[in-house]
Each structure stands twice: as structure tokens, then as C-alpha cells.
């Protein structure tokens, strides 16, 4: 399912893929409408706006209004996709998302871009390191975190078909394409083993999946076989693959561009504690705020890039 | 530390205790100011408003404004306590809480009442079953969930002394007083073993602590010794007592008036997975919305009252 | 709970909307529904009598004389839409929906009980006739704008109504929506503000003064009409005028309806304390006696 | 990061506030700080030039001619307060704070870099002179009201200023605060709206029309003044007038400052595209040439 050569794979921004897929969906389905809150040029919903101006609504800098307008549109049979930065979609509009969209089980797709640390230079106020926790706790909401452009397209298309609220967490930078387009298929609610291994299980979601894969390659040269699992569906989550892997390796390391509290690491700990208690270490933002910097600098500073993953594995595993 | 006879202990509403403690603090410290958002009669900040009208600000039905006004007051050296229902404090004002109060590390105390299912008849739209997850994930924020009026008073007083943002989760109904006032002391960041046991560890927070204690009493008559742990500090959390208990019992059951995702159960799973992987089951709202009903009816319906705890333990433990 | 249906459910059957009641029938019906409201809240021993009595005349006018809709086809695409933005007025809405056939009458005694469809605040998953759940204030007007935008895309003639509390106009989201509606020129949207001058903690003017609401909406680009929200003629005329304005102007219209919180029950009128409190048996009896007297008088006239 | 200090830090030393610059010095200083702004953003290759250039004349007038404050005692309790509600204008604020001695000049090249104090948006934990972190739009005016309430409790004569973007006036929280300020009669609060008629995706009027802002604030009970936000005389007079109104009326005052986004750099002026984009080397050179020319001309005159 993976591309042949990870080191040399092309890069594509998930937000660009998102914008393009929206346009394609717009062609296919008259009911697709798109909303933004004065960030259309950043989130790439501007592509849809250009192609289908009458089905695009820029609600200005008003995120509660954004969410509730989408809710209203959904009641008339439209399929609203909305975007803005993740911190605003989930933070400023949490209550409309919860009480209006999810409680009413409305067919709204919340697809913010610029989640996590890789938003970069804008700094802490704009870096959502909490949105997985914020969305995972809402009943009725499906939470998806695509790892690359291929998965992004599949996720957006899947969300368009699924009836009900879906959250898709996207990021700003160009991300290496890890999935082979021709062989890739989205498996709803499943985790996928992207690379088999026996010594430790690395679980990533979104951007960190690539870093986990690279770390695994480097570890392999040191005689450590890390199994790498991709977790695109944070909720609902069928932990089958995780449990099988943990049974084999006995150690799980989670990696996320998110607070280590309540996010992917939290979901993994909850699943394992219930079904197969296993030692887990969580890489991610260690409960502090983000800061300005390039995506790369921040992934290093906050210890979630491939080097940090490699180091964490080496520190954890018994000496060879 | 516990009262002598749990069955016959008096009841007191945490929100009433909150209101009274605010008045006492207001007498002691001129810098205490209080804010509400048109729920002062429910949250009991009305007591403070009556006594210190010039230091009370009713911001009307405007929760973002409530949070940010408190932030502004804090920058002038005031110690703002704000209240409203938990769903609005954390849901409508999440982003101001995060970006303005916590990122600036302002000395604001967020003390909503009416959290969880026991809010009762108003139903799902008003029942906050997510606020532990929503607050636990914010850096710099201390999260406290008092189990009774005694702990509420201590928590509010502790928050007044602590410099920085504190979230105190309170509830609407009259709650049995479980702590003996004369012997009780708040132990910052610690969990307390309220009842020793060897067969299973029950961890509660807030209202559910009482139910866990009652369940433990009933289980004892059936030959099962449950250790009961109170977790008033959700964050920061020193899991020492939990780890010791889990080492002894090998089984942990968490109980919360909150979604089982990302709350107390999540915090416990994260701590144990890291330090001592142990089987955990989580009682709480099983990722669905609340509904209207009395507090008692809802605790039964959602499986978090003493009977449900007892049943869960009996179902889990090997037959005697 | 209702079975899951697609919002796109359409029908090939001809739909006959509910035929409007005559002007004369409205006060009598409103008087009757006031009895239902009290009944519901008393049996639940919980709920918002003041808020419900304040808006029932407006709801009756809308649902029985003005809106095109039918319980036989609750999801009829051409139906006029209604958003109960002040969701805590649920008993008033439930009384209307029962009368209009959306909710079985026998559910009247289930308000706010476990497993009931009559949730404390109107929930779309539980009750036909409710398109979007409300309860958290400030959100309904944005939802209504979204509905109007969706209907306009479909070239539907349907109108959209939203009922807001006056205290609810303190919510920022309300003003986001006010700005949005004007910008999008959704002239088929009519907002009605239940201007009873009370919120939970006291008078709106003492808590966070709203002052004159009409100039605020005007400054934001709306048509405004101010009426007595208990005068059925004025309500009717305002709704007709809103219809005219929907075609003759590009602006949305707000009806500021001056009302009396607790209207119809002497001891509840204009009392913040009756915002959200159930009467005890004695109070209930007195309230019912008063309401019954009004109802009988209207029936007889 | 700054060391943790209590907001109550007081001092027994006499505090001498920064002495105001003369009217004539202001345009020159603003021209100089425009160079700093461009420098910072170019070195960072990230940041908001249009937004910063739009408000620098207002900031210079406030911080160097009007506000009572001193970098020597950043937490002086009697200081006037300033909230940069449009936090993305951070480079303008940083240029001012550097000039005023709150931030060491050598930090100019650290904007938006890891471990820098010059975060993308002003953060109170990192920079003296910033009382509350901003960046998320819509929140600053409420904070400013809170400050004004706190200062009034302390019977402080300090004034509070908040600078808002015009697009920021689409945020509901802004209107919550507008209503709140009027209700609480915090007349020592002055809001300044940087009315450059642009937001990220285009003109404010095309995205979500703000129309005339003054009547909106008036309808909400504010004094309003409308000026050219690049005319130092008008800015000065408006700030003086706001001072007078603070004592003669019970209303807060808003200054609607008509501005040009990107002001001072020809190719950035009135271009939404320069809202938040760093110039490349060539553009930077052109911009600096233009700004330097203005600065030299003013220095000479």
C-alpha cells in the first residue's frame, strides 16, 4: 500500500488536495456547498469558491456563525464542507459543533486545515494541539486524520458519502505522499499496519505517520524491527490491528502533532487498557503551548520528528 | 478523613458551598471579583453579588465576553472567579479560556456549576459530559473536581491562593458530604485512598466518589474488598496512589459523570499505560448524548450510580 | 427518538399544507395551549413557564395562520422553516406541535422525563417539526440564515422564521448572524425577538442593557417592525408586512415583539422568578383557574 | 520568556512616565518604524506587512504622544493599558515596544523563530508591555473592558485602549464587548478600529459587509469619532476628544480610523494579497527604498 521509495516520494499539501477534491465533488454533486471564515485562501476552499461561487459562502471572521450556518444548510439537504484553521473550528465553534451539528446529527463536514505544530510561524495562538481531544469527546462525530494527500482525498470523498457529521484534521505544509495511489483504499474505522515489525509498535496519525516510517527504516539498520501503524480514524476506532500488534511487540509508542493528553495517545491508552494492557509511551506536545518556528524546527523542538522517534525507541528498548 | 456514617450523612449542594465560600473570600480579600453570565441565581454567585455588588459583574448571556472580561480584570491584579453552566464555560468560551486566559497564564478561576448528567431535566444541550476532556488538554490549566461540599470549599480556597488559571467542576444537586470537615485537608495534585481494599480499585471524581464508596460498602458484604480512590485533581495529576493501588489489586474501574472518552478514565489509562499497565474498565457516559430526567434516573440510565458500579465489579471479578 | 431520515426525503405525492386558521380562532387556541403549557410543566415539575407564555401567541400565529407546513409531511421540502432559537420555550413549541399533529397528544405528560421525546429543549432527533436542536442560546439565527441560503439555492419559495429571546441578543453569535443575513440579503428570513425585557437574573436592562433593539438591527441593515406580541392583529400584520418586504426589499426583517413574560398567569407576569420554575400544586391550581377562565370566555365569545 | 511576576507588582519608587514626543516627531518616527516592520518580516520570511503598516501611525501616536507608561516600570499600576486586539499586527507593536525600550533592539531579527520572544502574535509571557496575549481575533475588546472595570475599582485614572481590525468586527465577541462596555459605562475605554476595508480573503464589503461602522457603535451606545488614521493631527485630536468624552459622558468612545492597508509601500497599498505575506528580496528592496525615501524626507524637513 506504500509508495516504493519513501525518501524520494513527492510532496503535496493536504490542504491543496482538499481544495481540489472539493472541486471534483462539486462537479459530481450539486448538493455540495462550502463555507469558510475568511481563510479561503489558506484553506484552499478558494478553489471551490472560484469554480462554484453560488455554492460558496464566506462567513467572514465569525466561526460560530460559520458552524451554525453550515448546520442550517444541512437541514435543507445540502452537504456543507466548512473550513478554517483547526483552532478556530474546534475552539471558537465547539459548542455549535457539539450542540447544533452533532446533537442534531447534521450532515456537516468540518475540515479545518492548519492543525498541529506544523502551522508554524503564526505561533501558539494559532496552533491547535487540542483538537483531537476536543472532537473525540463529542458523541456522533467521526474524527479522521489523513496522513497524506492520497488519504486526504479518500477521507474527503468518504465523508461526502457518509451521512452525518465528520471532522477531518488537515495540516498546512507539503507532506510526503506515503500511500501508493493505485493500491490505496480507505478502510473505515480501521488502523493499518504500514510496516510489519516485532520489537515495538509505532502508532502515528496524520503527519507523524511519515516520521514513524522513516524512524522505522533507520531503526531497521540498527537491527530493530518497528511495526508502524497508521491511525486515520480516531473515532470510531476499531483497535483490532493495534491489539494484535501490541500482543506481538509488547511496547507501543504513539506520536502525534497534538498534546499527549487526550489525543491519539489517549485513545491508544484507553483501548489497550481495556483490551490488552501494554506499556505505552506518548510522543507529542508535552502539555505546553506551541510557539513560532518552521514546521521542521518545531517538530524537532517538540520531539515528534523521525529523529526524536528513533531516539525514543532506542532509549526504551533494552540494549542490543 | 471520611464521615462516620455515609448512609446518613447530610447533603449539601456544591454550588451553594461555592457561593458561600466566595462570600467568605470576598470578605477576606478585596481583590476577589466575581463574574457570571445570567445564571447567577443558579450558580449561586448571586450570594456574592448581593454582598459585594461593586465587585460583581453579570455579563449577560455572553460567555466569550465573560471569559475575556475576567482575563482583563486579572491583568489589573484582581482575582476573578467566574461561573456559568459547565457546557457554556468550556464550550462557548473554550478559545478565550485557552488563548487568552491560559496562554497568558492569567489568574482566572473558572468555576462552572451544573456539569455532568446531574444537571438533569434541561437535557443534553445543557449537560456537559465533555468538560474534563476540554479542560484537561489545555496547557497551564489546573483542573479540579470536588467530591462534596467540604472539598469544594477547600478547592475554591486553594484556587484563590494559587496564582494562575484553575478550573473547578461543580454540580447542581445536593451531594452527600463524605469528608469529615475537621480532619479533611486538600492535598494538591494527589489522589486519596478513601477506603482500602485489595480486590479492585475504584476511581471516582466529583459526584461519583460517593457512589463508589457506597458500592464498596455493598461489595464488602459480599466478600469483595474494593479500594476506593478519590481523584480531585485531574491535572496536574500525581498518579502515585493509583499506581500503588493498581499494583495491589490488578484491576481498575473508573467512574465519572462524563464521557468515558478523554476524561477521568482517559487520564487513568494514560497514567497506568505509562507506569504500570493494568486492566481498566471505564464507567461513564458511553459516548452518547445525555437527556432529560432527574439526576438519579440519569445516573441509573447511564450506569454510574452505586448499583451500576457494584454490578460492574461483580461482572468483572472472578466468581467467588 | 425518530427514525433516521435523510434531509432530502422528498415526495411525489401532492402535499396539502395545513390550512390556516381564521384570525378569530387564534386567541382561543393560544388560550388553550397556555393550559397545555402549564400542564406539561407542572407534571414535569420543571421547565420554563414565563418564557413559554411570553411567546405562545407568536407561535400560534406563525404555525396556525401563517406558515405553510403539514404534520402529514413533516419534511415537505417546500415547507416554511421555523427555528426556536430560544429553545427553553420548548413547552410552547411542544404545545403547538401537539396541536398541529406532529407530536402525539399522549406525550404531554412525558416532558423532561427519561426516555421522553419531549426533551427539556427541542431536539431534532426526538421530535418531528424540529429541524435543528436548540437550547444553547445565540445559535438559532445563524441556523436560520443557513436554511434561507439552502432554500434560495433550491429556488424554493419557502420562508424562514426564527424566534429569539431578547436576552439572547446579548450573544455575539446573534450579531454575527444579523450581519450575515444582511450581507447575504436573505430577505425571506424573518427574525422575531420576544422582547419581554427579562432574562434569568433580572431585567435585561439591569443585566446588560439592550436598549432599543430596532435601531441596532437597522444599523446592521435589517428592516424592523415593532409590535405588541400579544395582539393577534398586530402579529398578523407584521408577518404580512414581512412577506411584502421579502419581495420588495433585499433586507431581512426583524419583528420586535413587545411581550409580557408569563403572560396570562397574573402572578407570573413580568416576574423574572418565573423564568424557569415549575409551580407547586397550589400555584398550579390558581394558574389553571385563571387560564381556564380566559379560555372559556374566548370560547363563548 | 519573561520571569513570572504577580500582576500586583507595585513599587514605592516614584515612576516617571515616558515623556510624550512632540507632534512633529511622530511622522518621522512612524516612518522609521515602518522600516523596522519590513525588516522584521523580511528576515522572518513570514508575518503581516499590510496589517502592520496600516496601524503603525495609530500605534506611534498612542505610545509616544498619548499613553502614560514607561518601559522602566512595565507593570506600573497607573499605566494606561493597550490591547492589540488585532494581534497579527504584532510587527508594528514590536517595533513600537523596541523603540520604547520594552524589547531589546537586538531581538529584531528573531521574529517568528523558535525560542524567540517575538512570537507571531503578541504573547504576554514573552514580551513586556503586552498585558494579554492576542492573535485570535474578537477577544481583545472584552479584555479591555475587563481592564477598565478593574482600574475603576482601584479608582485609577488610567485609560484603556484597544486596537481592532475592521474584519475583526465580524466576530460576535466584539459586539458582546461593545454592548458590555456601554452597559458598564467604562468611558475611559477607547476602541480604535483600523478601518482599512480589507481582510484576508478580500474587501470587508465583499466578504461580510461592515457598511458604516459608526452608526452600529452609536446604536450600541458609544461615542463615535471618524478620522483619517494616517493623519497625525486627526489622530491626536481624536485621542484628546476621547479623553474629554471620558469625563463628560458615560459612554465609551470608538475611533473609526480610515486607513490604507500596506500604507507606505506602493505595491502593498490596498492589496489584500499583502495581508500576511513576506516580501521576497526584490520586493523587500523596493519597499525599503520607498520607506527610506519617506523617512529621509521627513528627517530633513
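Annotations
Letters A, B, C and D name the chains as they come in the text, with residue numbers starting at 1 for each one.
By definition in this document, contacts are C-beta pairs under 8 Å (C-beta built on N, C-alpha and C of every residue); 3 or more make two chains touch, one makes a residue touch a chain.
Note that the coordinates shown come from a computational prediction; the quantities given were computed from them, not determined experimentally.
Interface comparison, A-C against A-D: more C-beta pairs in contact at A-C. Distance between Cα centroids is largest for the pairing of chain D with C.
Centre to centre, using the average C-alpha position, chain A and chain B are separated by 31 Å.
With centres set at the average Cα position, the gap from chain A to chain C is 40 Å.
Distance from the chain B centre to the chain C centre is 36 Å, each centre being the mean of its Cα atoms.
Residues of chain B in contact with at least two other chains: 59-60, 62, 64-65, 87-88, 91-92, 95, 99, 103, 124-125. Taken residue by residue, chain D touches two or more other chains at 123, 133-136, 138, 170-173, 176, 179-180, 183, 208, whereas all remaining positions touch fewer. Taken as a graph of touching chains, this assembly is fully connected, with contact between every pair of chains.
Within the complex formed with chain D, the chain A residues making contact are 36, 38-42, 46, 58-62, 64-65, 87-88, 91-92, 120-126, 291-294, 297-298, 301. Against chain B, the residues of chain C that register as touching in their complex are 44, 46-47, 87-88, 111-116, 118-121, 123, 133-138, 167-168, 170-172, 199-201, 204, 207-208. Of all residues in chain A, those touching chain B in their complex are 87-88, 90-92, 94-95, 98-99, 103, 124-125, 130, 133-134, 136-140, 235, 252, 259-263, 265-270, 272-274, 277-282, 287-289. Within the complex, the chain A residues that touch chain C are 31, 33, 54-55, 57, 59-60, 62, 64-65, 67-78, 80, 95-96, 99-100, 103-107, 163.
Taken in their complex, chain C has these residues touching chain A: 4, 6-8, 77, 81, 83, 123-125, 131-136, 138-140, 142-151, 153-154, 172-173, 176-177, 179-180, 183-184.
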